[in-house]
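Residue numbering begins at 1 within each chain, and the chains themselves are lettered A, B, C and D in the order written.
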C-alpha cells in the first residue's frame, strides 16, 4: 500500500474505507461517549454493510449515534468496551444473546491499546486484582503487591477522529475529544483518520502534533460534525 | 508536603532541591546527550555534595557538562543508562572499578521509566531477546515470538527540563529537547522541573501541555542556559 | 436527622487538603465540588483525559469537546491540561491522584468495594472505577447506608462482584462517617455520627464488625 | 573496484520505497539520506523523538534543541513532529518503521547482529540499536566486509555479544549485496557483486554458508 503523503488524503469516508473491510474483522473506534467519535467513518462503515464485526471502543454509542448505528443494523457481533450504559439497543441484543461483550476496566482498555501499538504483548496492572476481571489471568506479586497480566490489543482497522490534520497524517486533537483516539491511531494495522479541518502540511506546529503522521494511512476531512452532547449540564447565568 | 500552586515555584535550583537529597538515593535526570538536560539542577545537585548516587539517565553527559559534573566529583556510584560513549571520566572510573553501570536498551529504558510512572511493575518487550540483556530475566512466548520481561523504574527525585512552565507545574517542551523528560516527570516520587521561561498560569494552551502539573512538585526558572551542541554539524551555504 | 446528600458531600469535602488532585465519581461525589473551602486549591481530574475541571458551563459556554467522565458538559479551570485516556489512567494507576470519592452498592469491613454489577441484571460495565480504586492514594465512598430494600450496604463481606479488594479507606453515609481497616484484619469504626442519629440505629443498619470511635458520644 | 562508502550508501538507498519511514544509524547509514531518489517521499525518524528529520543546518539555522540520535545538529522537514523517547520507541518497537539501516561489527548467516560491545574493551552502551533491530520491519546492515585485522564480518556465528538474534535481512558491503535467511536454516546469498570484484574474493572473505545468486555473473 502506498503511504506517500499525496495518497493519504481521500475524498470522503466511503472511499477512505474502500478495500479495507471484510466480514468478521476487528475494528477500533475512538471516542469517549459521543465525544471525539469518528462520526463520518462510522456512518460509512454502517453503509458498507460489513458484518460480524468485533468492535473495540470504550462505549457503544447511543441508539441513534456512534457505534449504536452499527448495533441497529446488527453489524456488530462482539464488543470490547468498558461501559455501554447509554445504549438501549445494546441491552436488548445482549439480553437476547445476540451480542457478545468483553468488559475491560477503562484504564486497562486504554493501556492494552497503547501496548498493542507499542509492541508490548503483555503488562501487569493492579487494576482488577481480586475481581472477575482477573479470573483466568495470571496474577503475580511484585514488591509484595498483586498484579494481573493483561495483553496488548490491536485491530485490523482503527478509525479515529481529530480536530486538525494534514496530508502527512499528522493529527491534533481538541480538548477532551482526544480520549482514546491517540492510542487507537497506533494500534490499527491500518488507521483511518477523519478531521474537522485538513490543513496544509507545515501549518501544524511540530511540538503540538499529538499523533505523528506515521500512524495514519488514510485521512479525510469530514463534511460536517454533529458533535452531540450526551449530558447538556448548564448553569443558570 | 504542600503541593498547592503558589508553593510549587522556588527561587533557584538550590532551594528547589532543599530537603530532598540524601546519600545513596536514586535520581533521574532528563535529556538526551546534552539536549534537554536540567542544567541548573545538575549544578545544584553537584554543589550539594550528596554522594553515592544512583543516576538513571540515558547518557552520562560529557566531562565538563551534564552528569559528567557529578562524575568528576565522584558523587555517582551507579548509572542506569543506554549509552555513555561521550564521557572520558566515565571510562576511567568504570575501568578502575569505581563506577557501576547497568546498560539498558534505550527504548527499554524509556519504557521502564514510563511504566514506573504509570503503575506498571513489569512488561514484555522483544528488545534484547537472545542477547546479554535478557540474561537472568524471564523470557516468554506470545503468539510464537519471544519477549523478555522488564520492570518499571522509579526514582526518589526526578530532575527535568522544559521550555516553558507555569506555577501549576504544567510543562511544554521544545523540539527534540523533549526526549526523556516527560516520562521522568511521571516517575519521580518528587519531580523538580526547571524551565527557560516561567509563564503565567493560563497562558499555556491546555491542548499543548506535554506534562500536566500534577507531576511537578517544584519548579524554577533557570537563570541561563548554555544548551551546548555536541556535534555542530553544519552545511556550507 | 440523617445527613442529606448535600451534607454527605460537604462532609466528604472536609477530607480535601490544599493542593490535592481529586477524582470525583457520578452522583453525590459530583456534589463535593460545591463544597471545596474558599481559597483551597483542589484540582479535579476526569479520567477521560482532563486535569483541571471547572463547573458546568453557562448556556453560551457549552463546548461538545469539553466533557467529564460522566459525559456532562463542563468547563476548563485556569490551569487545565488535556491528555489521552492512556495517559489519564497512567496518572491514576501510577498513584498520582490524591483522592477518589465515589459511590458504592456495597462496602465490606476490609475495604472491598462493589459498585459495578448485579448478577442477573443488565451489566453496563465498570468504566474507570476499577482503575480508580486500585490506583488512587485514598478512596472515600459516599453512599446511602442501606439499599432500597433495607439491606445494609456496609457489610462483613460483599455479596456482589467486586470492583476492588481492600481499596476503601472511608465511607460516609447519611448516618455518619466510618473509617475502614483495609490493611489489617478489617473492621469499621464509626468516627462521626450525623446529628440526631443514634449509635443503635447505626448498629442496627450495619452488618459489619463495628467499633464506636472514642469521640462519638453514645446518646 | 570495491564499492566506496558512498556507493554502498547509494546501493542501500535503492532499497527505499515511496512513503517509507526510515531510521538511519550513524556512519555510512547517515550517507544514505544523500541518495534518496528525486521525488521519492521518504521520512526519516530519529529515535530520540523526531519524525521528519531534515539535512544538517546552515550555520545560521543551528538550534541546540534540534538534534538527531547521533547528537548532531539537524533541521526540520516540512512535516516534522516531536515526541518523547518513550513514544519514539513505542513507534519503533510497535513495528511502525519500515526500514532501519545501520552499521555492524559482525553479521551471521542467520541474521544475528553484533554491533555494540567487544569484551574486554570499554563498553559505551547499546543505545537504541537493540530496540531498532527488534522492532523495525526490515533491517539492512551496511559495513566493511572484513575487519581491520582482515577477519570476515559475515560469519556463520557471531563471536561478539549480540545486539539482536535473527534480525538482519540484508547486508551491503564494499564487495556486494547479500540477502540473509534470518527465518529459516540460515545462509547468505550474494545477489549483487561490486564492479570488478570476483566471486572468488567474496568467497575468500566470507565465513558464512554462501550461495551465489543466479543473477550474479561468475567471472
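Throughout what follows, a contact is a pair of C-beta atoms (placed from the backbone, for glycine too) under 8 Å apart; a residue touches a chain by one contact, two chains touch by 3 or more.
Note that the coordinates shown come from a computational prediction; the quantities given were computed from them, not determined experimentally.
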Chains in simultaneous contact with subunit A and subunit D: B
Chain pair with the higher count of C-beta pairs in contact (B-D, B-C): B-D
Distance from subunit B to subunit A - Cα centre to Cα centre, in angstrom: 32
Separation of mean Cα positions, subunit C and subunit B [Å, integer]: 35
Distance from subunit D to subunit B - Cα centre to Cα centre, in angstrom: 29
Computed distance of Cα centres, subunit D from subunit C, in Å: 55
Junction residues of subunit B, two or more chains touched: 111, 114, 118-120, 125-126, 173-175, 178, 206-207
Residues of subunit C touching at least two other chains: 76, 82-83, 89-90, 92-93, 135
Chain-level touch network, classified as line, ring, star, complete or other: other
All chain pairs that touch each other: A-B, A-C, A-D, B-C, B-D
Sites on subunit B touched by subunit D in the complex: 32-36, 58, 81-86, 91, 94-95, 101, 103, 105-108, 110-111, 113-114, 125-133, 163, 173-183, 210, 227-237
In the complex with subunit A, residue positions of subunit D that touch it: 18-21, 41, 43, 45, 51-52, 76, 78-83, 89-97, 135
Residue ranges of subunit B touching subunit C (in the complex, touch as defined): 2-7, 114, 116-120, 166, 168, 170, 186, 201-202, 204, 206-207, 209, 212-215
Partner subunit A, residues of subunit B touching it in the complex: 111, 115, 118-126, 140, 142-143, 145, 147, 151, 172-175, 178, 206-208
Subunit D residues touching subunit B - in the complex, by the definition given at the top: 46-50, 55-59, 62-74, 76, 82-86, 88-90, 92-93, 112, 122-131, 134-135, 161-166
